[in-house]
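In what follows, a structure is listed as structure tokens, so that the remarks can point back to it.
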Amino acid sequence: MKTAIFPGSFDPFTLGHESIVRKALPLFDRIIIAIGANTKKNSTFELEKRTQWIKATFNDNSAIEVLPFKGLTVDFCQAQNAQFILRGLRNPNDYQYESAIAQMNQALNEEITSVFLICDPAFAAISSSIVREIYLNGGDVAQFLPKAMKLDA
Amino acid sequence: MKTAIFPGSFDPFTLGHESIVRKALPLFDRIIIAIGANTKKNSTFELEKRTQWIKATFNDNSAIEVLPFKGLTVDFCQAQNAQFILRGLRNPNDYQYESAIAQMNQALNEEITSVFLICDPAFAAISSSIVREIYLNGGDVAQFLPKAMKLDA
Amino acid sequence: MKTAIFPGSFDPFTLGHESIVRKALPLFDRIIIAIGANTKKNSTFELEKRTQWIKATFNDNSAIEVLPFKGLTVDFCQAQNAQFILRGLRNPNDYQYESAIAQMNQALNEEITSVFLICDPAFAAISSSIVREIYLNGGDVAQFLPKAMKLDA
Amino acid sequence: MKTAIFPGSFDPFTLGHESIVRKALPLFDRIIIAIGANTKKNSTFELEKRTQWIKATFNDNSAIEVLPFKGLTVDFCQAQNAQFILRGLRNPNDYQYESAIAQMNQALNEEITSVFLICDPAFAAISSSIVREIYLNGGDVAQFLPKAMKLDA
Amino acid sequence: MKTAIFPGSFDPFTLGHESIVRKALPLFDRIIIAIGANTKKNSTFELEKRTQWIKATFNDNSAIEVLPFKGLTVDFCQAQNAQFILRGLRNPNDYQYESAIAQMNQALNEEITSVFLICDPAFAAISSSIVREIYLNGGDVAQFLPKAMKLDA
Amino acid sequence: MKTAIFPGSFDPFTLGHESIVRKALPLFDRIIIAIGANTKKNSTFELEKRTQWIKATFNDNSAIEVLPFKGLTVDFCQAQNAQFILRGLRNPNDYQYESAIAQMNQALNEEITSVFLICDPAFAAISSSIVREIYLNGGDVAQFLPKAMKLDA
């Protein structure tokens, strides 16, 4: 069984994230969306909310799980028997950051391979940090988020 | 069956290319290394040689095929029942070029997904064009090529 | 009167180019789409065709002119009384190339200012060179071109 | 009337900012330099000082206004009847950040167009953050700032 | 005597840093590894530890000194009679950051020249910040650090 | 004796090249400006002219030699007892190209170290290819070239 971890803080999960997961479905038997529960970084949306929104987005698909995680991504992969880490790329900066992380992860555990998909152009500008910034300034961010997500719910 | 096309001119096939294919093996059931037989571009190494070298490199693996191709990559994918295009990324420039190609390919055939792996850091500087340049200037390029390749053979 | 030159080889003119011109309309009183008639570079589409297609694309708008040009862009600006050069940006590589050209143009004629607009994300992957490549390989490129353009006409 | 907002924290306003505004003058009838009064981010220089310095820099020009703002840039544009957002670009990283912001702003309000000018090469290395760092370490930053600004005043 | 400052926070000093210093030895008579003792930024490893580790790494080489420093790098250069600042480059983002710093330093003191070496590809993904992140999450970082460094010592 | 090769086609040698050489003088005892005499690439300016112009630019300095070269740069270094290759960097694209070349050169001969200096911001937009383009279109390129160079001489 081919299992991939899709790690992130997803604060919030966006249309870009959704698009990467849907594109990855034919590639893997099981995709675990792993929400980093980093205690140091203050999140804008609570872990419980983020979990619930992502589950609602994919509630039609049994190949997708949503789990919180702490610690090293490669350790979480091993605990979940996942051989792959799935990541989306939006621009050259993403590439630079992600390629360094991928190479360090490979150094830590060479059994785990990072697999990259490229974001749909329509979603390439959407980043959680800009969405948060707009949200915190009172803007309407619904158009950047999966339909199943209701921020006010 | 998950089939990926790994297209390129492979003039010549390098350690970097080999590394991408080996990393991709757990991801796909069948990988077709598709040598672009572009009539406009003069190659340094003949198509027959390139085919023979790549076959020698992977002669232990029945999941890998080596085929020449002409025309659009997405058309070749369809002809081969391949749902994936496999590409390696070495640096941000590669990303920019590859992401544009991937988006155009998706526009031409949205059933086909481009999948990216990141080159091993030890091979990230190796490009076929620099290898050719060194070769044409009389330098020894053996260290940049798979062991099974004998340029003088 | 604020006049901008939008120079390029437009081989062919794409949806991306069209989008930049339409976004620039509120900024300028007159936009001259200047088709570089570079004798050294072989074009895929004839100058006459390119001119006709662009005119058809904007035939509703008297603020837009289509003219061939040779020589330095800054000299053509001066001949046309244009104070601005309009350019679109699709990615960081475009930026690097365009910023060098803009700085050299400013060194040649400091009265002329280069103005940049950012391409719509949906069109950011479309480049004339990839469109040509697809066209020459028999692919259908209509979806990347303005509606008024009929390649076979 | 063509009105552009030039938003930023301008902590401090540098020669690079001044250069962008002066280059933009022939393009717009009115330029509002909008100082982001972000309460979360601690500024090194007080809002009042920043306002006063920028006013002193352009005190000869009635087309330029200096105003504080809070909230979304697109909302401020609408409140000021500005159809354009003006931004300077210094390097490919700037481009990547700015293009994402511009695309999100366009998604929020498609009536507003972001317009980019390229920084003079002599000023491309000057960023407010490096200037602050030098200032806080006791270095002389006068050469990076408009003449009218007296940090000690 | 050709003296270079190699400034950084070295939190921690990595194989990448060691590689840059060893590559630079034939270029300079004296290299001062200058540990930025920035009071604002909390370090993960104490200044004393960092100093001791770097000294242990190069204890065979009298051309290398290890010193803490505060304030502007160019002022520290002058105090140490150093004409050169040595920096390593790992990727295009490093280049963008470092070139801005180098140009500002040259503006502050044009007698001092920044000299860049390119990181060995095997070490290009190693950054102190990723190493810290792995360390704080309980991962084994020994493979990213010089042999003489014992984190638990 | 510290000897560096500064290789290039210098077609033509620009203010940017001159600036890199002058910045490198305190670093090396001898700098050989090595003009690549590539037979495949047609040059705009003849090798003899290029040699003569560069000699005129540095005729005051006995530490600088000007020589043509063919073949691999590392072989030329060895023939000249040069331990260093000097290169200038203008932007992130330069970095990507140069770092790949430097890593390949190191693989071919690990005794030779590539040393990078960053171009003065005022000259960062000047590339030989843009200068050639302007020259061939009848523009005045004198401002981009060292004073000693007379294109019409």
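Per-chain residue numbering starts at 1, and chain names A, B, C, D, E and F are given in the order in which the chains are listed.
One rule holds in what follows: a residue touches a chain if its C-beta (ideal position, glycine included) is under 8 Å from a C-beta of that chain, and two chains touch if they have at least 3 such contacts.
Keep in mind it's a predicted model, so treat the numbers as computed, not measured.
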item: Any chain in contact with subunit C as well as subunit E; value: A, B, D, F
item: Numbering shared by both copies at the subunit C-subunit B contact, with half separating same from different; value: different
item: Subunit D and subunit E: spacing of chain centres that average the CA atoms, whole Å; value: 34
item: Rounded Å distance between subunit A and subunit B, as computed from the means of their C-alpha atoms; value: 29
item: For subunit A paired with subunit F, centre-to-centre distance based on mean C-alpha positions, whole Å; value: 46
item: Residues within subunit E bordering two or more other chains; value: 91-93, 96, 99, 102-103, 121, 124-125
item: Each pair of chains that touches, named by its two labels; value: A-B, A-C, A-D, A-E, B-C, B-E, B-F, C-D, C-F, D-E, D-F, E-F
item: Residue ranges of subunit D in contact with subunit E within the complex; value: 91-93, 124-127, 130, 134, 137-140, 143-144
item: Subunit A to subunit B touching residues, read off their complex; value: 2, 23, 26-27, 83-84, 89, 92-93, 95-96, 98-99, 102-103, 106, 113-118, 120-121
item: Residues of subunit B that touch subunit E when the two form their complex; value: 91-92, 121-125
item: Subunit B contact footprint on subunit F (complex, rising order); value: 70-72, 74-75, 92-93, 96, 99-104, 107-108
